[in-house]
Structures are given as C-alpha cells and as structure tokens.
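To start, the structure itself, in structure tokens.
Residue numbering begins at 1 within each chain, and the chains themselves are lettered A, B and C in the order written.
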Amino acid sequence: MPELLQIEHIRKTFPGVVALDDVSFSVAAGEIHTLLGENGAGKSTLMNVLTGLYHPDSGKMRLDGRDVHFTSPRDSLARGIGMVHQHFMLVPAHSAFENILLALDKVPLVFSSGEYRKKIQRLIDTFEIDLDLDTEVWKLSIGAQQWIELIKLLLRNCRLLILDEPTAVLTPQETERLFKVLRLLQQQGKSIVFISHKMREVVEISDRVTVLKKGRSISTLERGNFDREILAGLMIGEDKIPHWQKNLQMSEKIVLDIRNLSVRNDRGLADLDQVCLQLKEGEILGIAGIAGNGQKALAEALTGLKPVTRGKIFAGDVDITHSSARSSYISGIAHIPEDRKSIGIAPDLDVADNLIMKSYQNPLFRRGFFQNRGAIRRNAEDKVSRFAIKTGPDGSPVRYLSGGNIQKVIIARELSEKPRVLVALYPTRGLDIGSAEYIHKIIVEGAGHGMSTILIAEDLDELLKLSDRIAVMFRGRVIGYADPRRTTREEIGLMMSGEKQDQAS
Amino acid sequence: MVEILLDATVRAGTPILFATLGAILNERAGIINLGIEGLMLIGALAGFAGTFYSGSVFIGVLCAFVAAFVAGSIHAFITVPLRGNQIVSGLALTMFGIGVTALFGRGMVGETIVGLERIALPGLSLLPVIGRPLFEQDILIYTSFILVFLIWFFLYRTRVGLNLRTVGENPAAADTCGISVSLYRFLAVTSGAGLVGVGGAYLSLAMTPMWIENMSAGRGWIAVALVIFSGWSSHRAMFGAYLFGGITAMQLRFQAIGTDISTHILQMLPYIFTILLLVFSTIRLQKGASQQPQGLGLPYDREDRK
Amino acid sequence: MKLVIERRDTSSALVRFLAPVASIAVALAFAGFLLLAAGINPLEAYREILIEAVGSIYGISETLVKATPLILAGLGVSLAFRMQIWNIGAEGQIYIGAMGATWVALFSGLENHWVLMITMFSAAFICGGLWAGIAGFLRARWNVNEVIVTLMMNYIAILLINFLVYGPWRDPQSFNFPLTAQFADAARFANFFDTRLHSGFFLALALALFLYLFMERTVWGYQIKVIGSNAQAARYAGMRTGYAVFWVLFLSGAIAGVAGFSEVAGLQYRLQHGISPGYGYTAIIIAWLARRSAIGVVIVSLLMGILLVGGDSLQMLWQLPIAFVYAFQGLILFFLLGSDFFIQYRLKLIRGIRYG
C-alpha cells in the first residue's frame, strides 16, 4: 500500500515538558492504523501537530510524498486530513445541523436549509445513525455528538480521518456500529488513525498498530504480529517496577469509610455509582482507571467540592458527607487538586501568601484584623527549605514558578496542618522526574507518620510503586482491587478497560 | 395623544436601537465593547460635520459610519490581535470619543443643518394610530427596521453569520473549522462600531439637528445594558430600544405638561429603568432563558494550555 | 512565511516598569497630532502645561489640589480592581459623598470643627459606600454586571445633586443660582502656604497609607487579594466571595465619597453642579496605570494633576475644551494595553505551507 502520510522525527515541547520526542509513523491509503499508548504518552499532542493546531519544534511531515507544514487546522483540512477530537469541537448552543454546516466547504452565503439537510440526512440514513438535526448540541448524548463530528469530516471528503479515543464514550453497541462504519469507509479507500487503549478493540479493527510511550514511538506492528498481550506489554513496558520499601505492618484502624457513595453530574448522569471504599491509617490506596471514569468526582466528593447525591462519608466516627471544602480541610482531609492552576493557587500572590491560603485564619498567622507577617514569612522559609521549593526573587508571584514548584507549594500547604487523609489527584502530572520523585517521597514519608492517602493517578508505574492497594474504577464504580506486589500491569490494564472484574470484589 | 407618544417613542428609541444592534454584532463575535458611548459621540459629530460641509445628509451618515468604523478598529486591534483587556479598552474608547469629539466639535457648536426629513409611505402612513409613528418617518428609521430583520437573517440564515456566531461561542471550534477567528472578530467589532456611529448620527441629524458636546448622555451605556436584555437577538433589541424610547417620551411628555415632579427626578427614569432591566435580564439569563456567547470577553489563543 | 505569536514564560521587571512610561510618552506624541489637527501647536501646549502645573509654587500647589480628589477616587477604584471588580461609578460616588458631607455641614446643627470634620467624613464615607454598595449587592446576589450599574448610578447621582441644588437645598440668597449656602468656617478644611492647598491632600495621603496597610497587612486585604487573583481558589479555601464583593464595592465607593467631602470642605465650601469635572473617570485610568499599588495611585494622580491644571490653562488660552484631557487619557490606556501584549507575548516567524 502506498504511504499517504509520513511523520518523521517530530519533537514538540511545552514550557517545561517534552510532549513528543523523536516520533515517527506513517499511514497508508485505505489503512486503519492505531496509535496506542497510556494517557500522557503524547497521542493527542501528536495528532494536534498533525492537524496543524500545534507547531512542532522539529521534524518532518510528508503527505503523498511531499513535505508539508500545516500552520492551522485549516491547512490540514484543505489537504484532506480531518480529526474527531476527544473533546468535541462542537458549539453547544448551535443545532446539530448548524454544527455540520460549519464544517462544509462551499456553502453559499445564503444557504437553503432544505438542500443541505437532505444531503446530510442521506448520510445519516446510509450509516443508520440516530441523530436529530434540529436539536441543540448541548441536549444531545455524547455518542450523538460524536456522530456529528464524524459526519462533518465525511461531508468534507477527508482522505484521512483521525479518531481520538472515539470508543471511550460509546456503549458496546455504538462501538460496533462505529466499527461497521469505519470498515465501510476503509473500503472506500479512506485512511483512519484510530486512537485507543482498549486492547480488544485495537486488535479487532487495526491493520497496523504504533505504540507510543512517554512521548516516543517505540514500535509499529502489522496485523498478525500483535495480540492483546503483546500490545499491553509494549504499551505499559516491561521494565521492573521499583516498589517502595514500606512498613508492611499496617494499622487496621479505618480513617475514611465511604459507603455507597453516588454523585450525579450536571446532566443528571452518575459520575459515581455506589462506590464503597475503606482507607486504613497509614495506607496509600491507589485508584487506577482511564480518565473520566469517576476518579475526579470521587476526589471532589471527598473534599467537599461536589455535593454527594447518595451515600455517606465517615472520617473516623464523624459524618463529613455534606461538609464544605473548608470544613473537610479542618477535619483533616487535604486535597491536591487535579487542575492546580485553576483551584490550587492564587497566581498573582507570592509563595508565602499561597502557603497560608487555607490557614490564614489560624491564630498563628493573625493578630486580630492584622496578619502576622513575621509568622507568615517564617512559615514560608520553613516550607520552602523543607519542600525544596525553588522560588523566584522575594515576593514574586507564584505564576512564574515551574509546574513542579507550584505543585510543591500546594503540597506544602496541604500537608502543613498534618492531615489524616490526603486526596491526591494526578499529583505528578506534567512534572519533571526530579519533582515527581520528590512528591512520591513526601507521600510515602507521610504514610510513615500515619497519614493515609488516596492516590489517583494515570501512570500505572506510579500507582504500583507507591500503593499498598489499588482499586480500579470503571464507569463510576470500583470494579476490583489489585495487590501491587502480586499483580501485573496487564491485569490492571484489562480491569481498567472493563474487561476483567476482580472476583474478590 | 397616543400617536404623538408612539412617534416620540420610535424617534427616541432609534439611536439606541442602532447602538444596540452594533453592540450585538460585537458581542456575537465574543468581544465586549464598552466604547459604545464614545462611538456614538464620534458618529454624532462626524454625521453632523459631514452633513454641514457637504450639505447632504446621506454623506453625513456615511461619515458617521466610517468615523465610528475607524475608531472601532482601535478597539478591535487592541482586543483581537493584541488580546488586550476588553473592558479597559472599551472604557478607553469611550473616553477617547468624549475627548476627541469635544476637541474637534468646537467649531460645530451653534451651527445648524437641515436634518433628516420625514417621508410618508403612501397608504401605510394613513393608518390610524401607528401610521405616523411607523410609516411617516425618516430614512434612518426605515433603515433600522430593515436592519433588525437583516441582522437576524444574517446571523441565522447565512454562512457568514453562522461562522460569526461560532467565533463568539467557541473560537477553538471555529478555528478547527478553518474560520479565521481574528478576521471575523475584527470585522464584527468594526462594522458593529459603524452601526453604533449611525445611531450617534441619528442624534445630531434627526433628534436635535445640531452638535452638542457629550450629546449621547449615556445612551451608549443603555445600549450595552440592552444587549444583555435582548439576549443577543436583534428583534428583542428593537423591543428594548423602544421600551427606552417610550420611557424617554413619557418623561418628556411629563415635563411638557408640567407636573410637580422635578425634571431632574424625571430625567433619572431611563437610568433607573436600565438598572432594573439589567437585574431582570441577568436573573433571566441565569435561569437559562437566554445564553450569552460562551466565548464572550475571552481572548483567543490557540496554543493556550491550562 | 507566517507570523506566529508565542506566550513568554516570564518577563523582566524592567519591561514591566518601562511599559507604562513608554505608553505615556507615545500617547503624548499622538495627542500632539490631534492638537495639531485641531489647529494648536502641541509643543507650545505641552510647554504651557508644564509651566502652569509645576513652574511655580502656586502651580505646584494647584497640581496638588487637583491630585487630591484623584488620589482618593483612584484609591477607591483601585481597591475594587484588586478583586477584579470594575467600579466605573467613582464619579457618582464623589457627588454622593459630597452630598452627605454637605448635609452635615449645613443641616446637622453641629458647630465644633473637629466634630464636624469627623461627622462630615463619616457621612461622605457611608453615603459613597452605600451608593456603590447597591451595585455590590446586585453583583453579589445576582451577578449583575457592575460596570453598567455603577455607570448608570453616575447619571442618577448627578441628577440627584441637580435636584437638590435647584430645589430643596438651594440657597435663598443665591439669586437663583443652583448653589447651596456656603459652609461655616468650622466645616472647612485648613489651607496651607496661602494657596488653595488644603488638608484634604494630607487626608488623601493618609488614606493611601491606610489602604496600603489594609491590603498588605490585614486578613481582609489578604482575602481580597486571593479572591482577586483566583476566585475559584478562594472559594476552595473557604472564602465567602459574594460577601467580599459587596464590602469591597462599599469600601471602594466610600473612599471615592471621601473625595467629595474633600472637595466641598476644602475647595468649594458648598455643593453645586460640576464639583467633579470627571475625576471619577480619570480615577479609572489612574487605578489601571497604578497596577494595584496604593503608592502607584498617588504617583499617577500627581501626573494626572499636572495634566488637569495644564488642561485648565489651555482651556483659558485657546478655548480648548477640558474634555480633551479624556482623549489623552484614552490614548494612554490604548497604548498601555498595546504594550501589555509585548510583555506577555513575543512574535516569531515560521515557514508556511509549501507544496513540493
């Protein structure tokens, strides 16, 4: 098969992070080529480079054997490359019809709805898609929204379709229908880049698979040369996991007891569905799962940021089901939030001020109306040296710090009141290895002093290394537990994709 | 009596209507424009001066559009490619407009022109009650009727209008569809500004055919509030503008009849009413009755990573 | 080739300091062209401004007199800015503050100088605060846009003052001029150095110091800073943001109200139309230029004071409308916003599409 698109030695960095490092791969005409990799392996960044949304720092792209540089998605679309993003690029306030129309070339200035509507309706009928064109997008299901995205590309006659984890949001039946459509398209000679980490699907649909790991393309396999085990091994890696040496004599005291916890999201769907978890004193409980399976809702419910729909949370004997962020902090639950810049820090304030954000009312830091600047400064000096935070010149705003140092500021603050429970959401995401190591050390040390941690992470290595126990979440439920000293990454990986349940659970 | 009041309502509402329509175009593209007041003044002076020197009201209106278009391009330049703070830039535009018109309007104070004339539409103008208020008006009022429809048609029935709404709702999505966010935003701001300028010209060409320093007297700000009331749609803007026209007409009527209420207190009515209307529309907005463009006030930066 | 904009990771302190200075310089140059277009020699005009405003002891004292209400109103606006609240209503708050002080001076029956001063101050403070507090309440309760509300309140405030001075508060001996009666000596500020410089200036400096301490040393100031920097993080840390919105707008209006007190007690000795020729609007520029700092407000106010004194004399010399100063202020803001871009981003050339 002739190669349609070739990507060679692409490198892309963001401030402080190397997202892609020497990545190469190619797509042939009429091929379904899967990009496989864990979260954060660089799949989405690579696709954004491919469509011209990001500019690569170095590397080459060739389309039909000719060098191309895309400066915007418009360029790539014009050359027949279209992408269905994981976060749909739809306008919620527009109707499905308007959204589709937007993507079309050569719609006359004044469009007659009828003609285009017929054209789109024909397509919908051909593929037996369930979609009402006049409904505003925000009222549609995620699955229906994805159909809109696909229809858009089909109407633009794209030669290469990139689908970023399209099945993550689909029911098995919808997935089947999608695969049927993809095969149909393949027969028409279209190429498809399929991104996923569900092994079963990848094996079922792919002609070739390229595995990405930590921003590098490590291997490309032809159909017949891969199966689930081989792919899982490649994706997750075979190097030894250095499990942290910990005190195995754990107390049996339960510090956090979560009983049948359910949380509904804005659309009334269950983010958390009857989750039961028990956290022991000094324990590090890892939560594994593909992003979007309820981990964030769990953290927010525990820290009082999201209201609980049903169920109870007990900290020791105290019912904290309905307490606010502040009172859960006071009652000893610290939180390292996922989105550190949007809720973790006040970016214009300096390190000292950020460190007391939750304890500014503590008598230690105030004298009546006045702040005790001396105590605040000493607190900062102490934390900065203890947590090895690299600050700028005195009083410079924290937004100028690196991601790792911002994370250290948050952790120093959260741990300063000696919490009994730490809920850490992706605490090392986007950090360099040194900072990540350091944060691991702090969490393990905390456990030594009796602090219990719920560690939500996407990097399996991290979970396996730190956790005493790993709970796997899938579709808002805890579907099983794994013992990090005995389990394999493959086993957890299969549980994460909902294909294997732990018999014990 | 009702006829006179309705007539005054339409005439007082028209400048606000033009300004609101212009502001809606701005905000539909995602750009807040607090410079409406300044743009109205620029339009009022340019319209008056253009008419004064050329003797043609048509050229006057054209001057108003062009002058406001150019002034609006300052705001567009700062907020679109330079991604500056939209609120501050708009305030600066208002101040700039007040100052520049005061400076260049010195020579125009006390001059007179022949303002816009009423044109009776045959037949329709003879209708009882609504005949004169709606169909025996000047050309700009007829234009505003057409414009309300045209803007609706443009936004909901044309390709460019759909693109514009997309830019205001979700610039990232527009970008992936190959729509130039910068170009749309820039042109929406400038042409919206031009319309605001025509609204200003209505003040100096039709309502009181002369130039008075600071003659917009807060109408630009009322227009900004009306945008929220209108839910960013042109026909509701018309309703809102005439509501204000009605209040102004009533207030003038009260003053003319002579009541015990001080004129100063009566003059407060439109402003108090604006606040009440704003509160009312904001509460409605929160109940989800209408939605502001989701990208409103946010500069678009493609490589912005959280 | 294509021009691409990239965000800078950091920017140097020098650039951040130079940007406003350069903006003022470029705005001066640009305003020169406007003056030229209006038939006035800009160099002569600028020379005139400098001579009038800082060329003599009297000029300097006049600059300080003009700077007084600007400092106060600027402090008020800047306080709200710290929390990302736009108080565009300082103009109205000045008038309402003046109204409160005037009521005490004329109708309270108090006679002791210090008692009067303190009561007038409090009345202006509370009146200005409540006036702005309306917008604060609406914003906190229903998230009503405070820009429009505070601005509408300006028009209402000025009409209210007109109502009073044309109506119930008009001095019967004023030959039908719209003025209140003059204040008694006990209700007036002391003057200094045989000039119009009055205690209000020192009150303004004291309030600047007070606000500096308030922001940098108190728990409330700390909360305002956190909320202003990241409201979501503040709520996460348990701060009551709605409550803070009301009180910050109250305080912001209160301080602007004190400017009204200072004008009637130090300069006009009565309430009349036009006691503030737009100080409240200039205050917005001052607050933005001063970038959150109370000290900055004082410095920028002095600069603007020069401009206003000079503008007055241009008005007398060439019948240049005083509103021209607004055009100049608008220009400064435009250029400042423009310069912000170059602090945050840099431009880079990259290769565009090329086929085979």
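The rule we apply is simple: contacts are C-beta pairs under 8 Å (C-beta built on N, C-alpha and C of every residue); 3 or more make two chains touch, one makes a residue touch a chain.
Just so it is clear, the model here is predicted, and its values are computed rather than measured.
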Remaining connected clusters, assuming subunit B were absent and nothing shifted: one piece
Two chains sharing the most C-beta contacts: B-C
Euclidean distance of C-alpha centroids - subunit A vs subunit B, Å: 45
Inter-chain centre distance, subunit A versus subunit C - centres from mean C-alpha coordinates, in Å: 47
Rounded Å distance, subunit B centre to subunit C centre (Cα mean): 28
Subunit B residues counted as touching two or more neighbouring chains: 303
Residues of subunit A touching at least two other chains: 342
Sites on subunit B touched by subunit A in the complex: 157-160, 162-163, 165-166, 169-170, 172-179, 291, 293-294, 302-303, 305-306
Contact footprint of subunit A on subunit C as seen in their complex: 2, 4, 9-10, 217-220, 222-223, 225-226, 228-230, 232-238, 350-356
Subunit C to subunit B touching residues, read off their complex: 5-7, 34-35, 37-38, 86, 88, 138, 142-145, 147-149, 151-153, 155-156, 159-160, 162-163, 166-167, 281, 284-285, 288, 319-331, 333-334, 337-338, 340-341, 344-345
Subunit A - residues contacting subunit B, complex: 14, 51, 53-54, 72-74, 77-78, 83, 85, 89-94, 98, 101-103, 107-111, 339, 341-342
Residues on subunit A engaged by subunit C in the complex (per definition of touch): 15, 55, 66-71, 75, 305, 324-327, 329, 337, 342-349, 353, 357-358, 360-361, 366, 369-371, 373, 400
